[in-house]
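Below: one structure in structure tokens.
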Amino acid sequence: MIKRLSVKNHETIAKDTFALVLKGAPPHKPGQFINITVPGEHFLRRPFSIADQEDDEILVIYKVFGSGTQALSEVKIGETLDCLTCLGNGFGMTKHKHVYLIGGGVGIPPLYYLAKALKKHAIDVTMVLGFNTEADCFLIEAFETLGTVIVATLDGSRGIQGTVLEGLKDHTVNYYYAVGPNPMLKALTSIYKDGEVSLEERMGCGFGACMGCSIKTKHEPKRVCKEGPVFKVEELVWKT
Amino acid sequence: MENLKVTLPGMVLQNPIMPASGTFGFGFDFVDYYDINILGSIMTKAITQHPRYGNAVPRIAEVTSGMLNAIGLQNLGVEEAVNAIFPRLPSIYRHKVIANVSGSTVEEYVAVIKALNKVDQIGAYEINISCPNIKEGGMAFSVDETMASYVTKACKAVSEKPIYVKLSPNVTDIVKIAKAVEAAGADAITLINTLLGMRIDVKTRKPVLNNIYGGLSGPAIKPVALKMVYQVYRNVSIPIIGMGGIMTKEDVVEFMMAGASAVAIGTGNLVDPMICHTIVHELESYISSLGFEKIEALVGVAHG
Amino acid sequence: MENLKVTLPGMVLQNPIMPASGTFGFGFDFVDYYDINILGSIMTKAITQHPRYGNAVPRIAEVTSGMLNAIGLQNLGVEEAVNAIFPRLPSIYRHKVIANVSGSTVEEYVAVIKALNKVDQIGAYEINISCPNIKEGGMAFSVDETMASYVTKACKAVSEKPIYVKLSPNVTDIVKIAKAVEAAGADAITLINTLLGMRIDVKTRKPVLNNIYGGLSGPAIKPVALKMVYQVYRNVSIPIIGMGGIMTKEDVVEFMMAGASAVAIGTGNLVDPMICHTIVHELESYISSLGFEKIEALVGVAHG
Amino acid sequence: MIKRLSVKNHETIAKDTFALVLKGAPPHKPGQFINITVPGEHFLRRPFSIADQEDDEILVIYKVFGSGTQALSEVKIGETLDCLTCLGNGFGMTKHKHVYLIGGGVGIPPLYYLAKALKKHAIDVTMVLGFNTEADCFLIEAFETLGTVIVATLDGSRGIQGTVLEGLKDHTVNYYYAVGPNPMLKALTSIYKDGEVSLEERMGCGFGACMGCSIKTKHEPKRVCKEGPVFKVEELVWKT
């Protein structure tokens, strides 16, 4: 759907990281994303995961990366944004009683909405959250209300020193959901075979029209925006 | 809506607005947004003889007022198109469509056309001899008169429907190529495919696209497209379908005044899925505000 | 500023930033805005053998992220340039400049060069064989290898300074033309001149430009320009001066990473007279933030 | 000079016609213009004459014509606009004791600033102002404080019916200043030989750099933005 959503709240929550609350949204599933027209001379939309939803209010957590997210960060409360909503398929539900949610950097936001949903289904969650450094950390306290949280920072300034892989040492991972940079996902999926990951790809449209985000999977090409962004670990093939 | 009717070889369109090939699939991704039956026609995603994955990602780069793509003609191949896609198409779209035929060899174009001939809903073929994103064939056919003429003749020989030939703007003299395909029997010309371009990511110090080069589309290319439509209109007699950067009703009118009998909207669909819907609904009152009753009267008026 | 130094045939520039020909005159209109001595060099407005008025107005049309111009090489002619303009130039600019030499015939290029040879402040000639806005000659030389080579040789034969040949992007194969002028003795290549484009005024139903077609410049053409610089860099050994849509320090870096040894900013000067000043002042700290000490290290890094 | 001028006042004064007061401007002469970067995706600047100046506040009166002036009309008080100021040469002073100021439509604004300047030099002015219809009329009362005002409208809804030429009938015009659409200026200058007119032309830069606005005059080509926009009647040549 195309919707003009109004900015209900917009604040910085960590280094270069913003929490944006948009009002007027239809219901989203955890793992879905929206595609936002950012202000200024940016031709393409910018895709962001849903970090939480309550009624018609969605939360997006994003990091300023280039000029589009920079422009987005300057949007004020009360302004409206043109959004394509309810994009992609969400995470699948699971029969496991306990799962791991593994996130790196701005891959973490969608896991929050997922954790809440799993909780409702009485599934226990352990979160393993990786950041560069303490200044980048966000949402940790919120996650702690939902289950065990393990934090890993590359420089050791908060939690364990190292990547999420360090955080997973000594754990037995039955099933997991992971979102984060490709190198992290590649490493994870080479070790842990049963789970789902959400991928990012450069997008022309975000709703299946352009084939811009199409990746090879075990059986056939799939569009990250349409058949994804969540994929089963077993169907992934990584470019070498 | 009667005033918006336009005629193309083998087809009567309720209005001149079509989505351009490769930016609309076969329409299935748009039915959540609007009833696509309002479209004059649909130019389908490229169809090749065999399934193609296309180029490795990243395939998309943003540029000022446009984008680069290096999809590389990803599609399921003609067999799947005939057996699985076209049979489902009438459920979402009831008018004739224009099938975009692509290939790396003349034999491939011919094979695709032969296989598609039996599909009733196809009103015409758009022969894409101008895709900049495949190494073999593709654009090579459109930059050389002899080759362009040769492919056109071969397609014409086996086709049971009109042949529209889609030309590349990456040439020294578009008129020469246009005349060559006209002489070879093309029923219409579609203009323009993408311009070749690139972006470099200053942080990684590498081209953004895995393919290095990509096709530039969107408003950035509109003046180039318009000039080619205008120029070709002066030099050929067959109809022209104009495209390149159309985003508004004004753009549609500019292309038709330059000489296009109908237009296609490509990249616009990607950033605004409702764009064709919006324009179709604004068009009649807009042309009337410019003093035109029937849209066909716009075609070529800028030539005086 | 030592880190911004770049070297071109016959010239050492304090930095790689120059205004492009035709968008800066000889600099006199900019001295009210800033001290133009900070510029690496200046590419002058076209100089032809005789005074030219150029095309009738309107000569300018706005397009999305760019403009069209059909100036038609208006200038006072080489005699006036030598007698009245160049003598005044040292009072506003003390470094060497690059004189843009234009013409309709080979003889005209030769005559202009001969007349300019005695001007000390000229460090090199930019042979403009790519102006799309004059009917005779101009672009015709740049779309054909044989002609491009012929003009280059003729200029080289009479020139007492290095010859940079400015190519047109309106060609099927820019590499072919670049190789031809390299083989003919060009000392450098400048890329790109404007793309051909047009606009139609939907109210008057006529082309906006009196000349109908014009040259498209500005950010809209950047991806095309960048691709040509990248492509030519892979295929010739002489230096390239890159231009086309540069508006920011990032754009400068993209062009240099693609293979440009120096860059020119054209249309940007028209909408922001301070643009070159701004970029010159930001450049050193910007490249250092990208991990480069000397700007010459950027040249061609995108080729890996 | 490049200046960011702030919008001090902005109101509609006639059909599609706006008065814009900008603060922070250097001194301008009557007949000079500014070149404004309008909001939105407009690549080129838009040129407008100075309709009045008091201290550092300039008045611009403009009509919504296309998308750039439309965007300008939406600018709010307090916002700032990027302007090239003090462009072109102003009107010349005259030795005549009485002159005519002849304006058509949005050619009228610069004549107001001129009228005030002439008044200061104790030169009497008669204004002949042409509009399409009554709804288009503006500034008439202000002009009336400065001298005799003759209004002409094409449909006769205010003042004389006809063009400014009708308004000038029975008058002996010694010297005049005229601004307006080219057909009006062409007709005027074919009858009245002693005066100055201000021309409009499509501009790439507005300060002399691009040769975009260069017109033929009797002796040599001149740039409307730099040697103009005001020209002596005797130097003009009209395209046929």
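Quick notes on this one:
The letters A, B, C and D name the chains in turn, as written, and every chain counts its residues from 1.
What we mean here is this: contacts are C-beta pairs under 8 Å (C-beta built on N, C-alpha and C of every residue); 3 or more make two chains touch, one makes a residue touch a chain.
From a predicted model like this one, the values you see are computed outputs, not experimental measurements.
Counting only chains that touch, the fewest steps needed to get from subunit B to subunit C is 1. Among the remaining chains, none touches subunit C as well as subunit D. Centres computed as Cα averages put subunit A at a distance of 57 Å from subunit D. Centre to centre, using the average C-alpha position, subunit B and subunit D are separated by 46 Å.
Between subunit A and subunit B, the centres computed from C-alpha atoms are 36 Å apart. Annotation for subunit D: residues touching 2 or more other chains are 41. Residues of subunit B in contact with two or more other chains: 63-66. If each chain is drawn as a node and touching chains are joined, the picture is a simple open line.
According to the touch criterion at the top of this document, the contacting chain pairs are A-B, B-C, C-D. Within the complex formed with subunit C, the subunit B residues making contact are 63-66, 68, 143, 170-173, 195-200, 202-203, 205-207, 212-213, 216, 219-224, 226-227, 230-231, 245, 250, 253-254, 257-258, 290, 301-302, 304.
Residues 22-25, 28-30, 32-33, 45, 53-54, 56-67, 69, 71, 74, 208, 218, 267, 269-274 of subunit B are the ones that touch subunit A when the two sit in their complex. Touching subunit B in their complex are the following residues of subunit A: 1-2, 37, 41-45, 84, 201-205, 207-216, 221, 226, 239.
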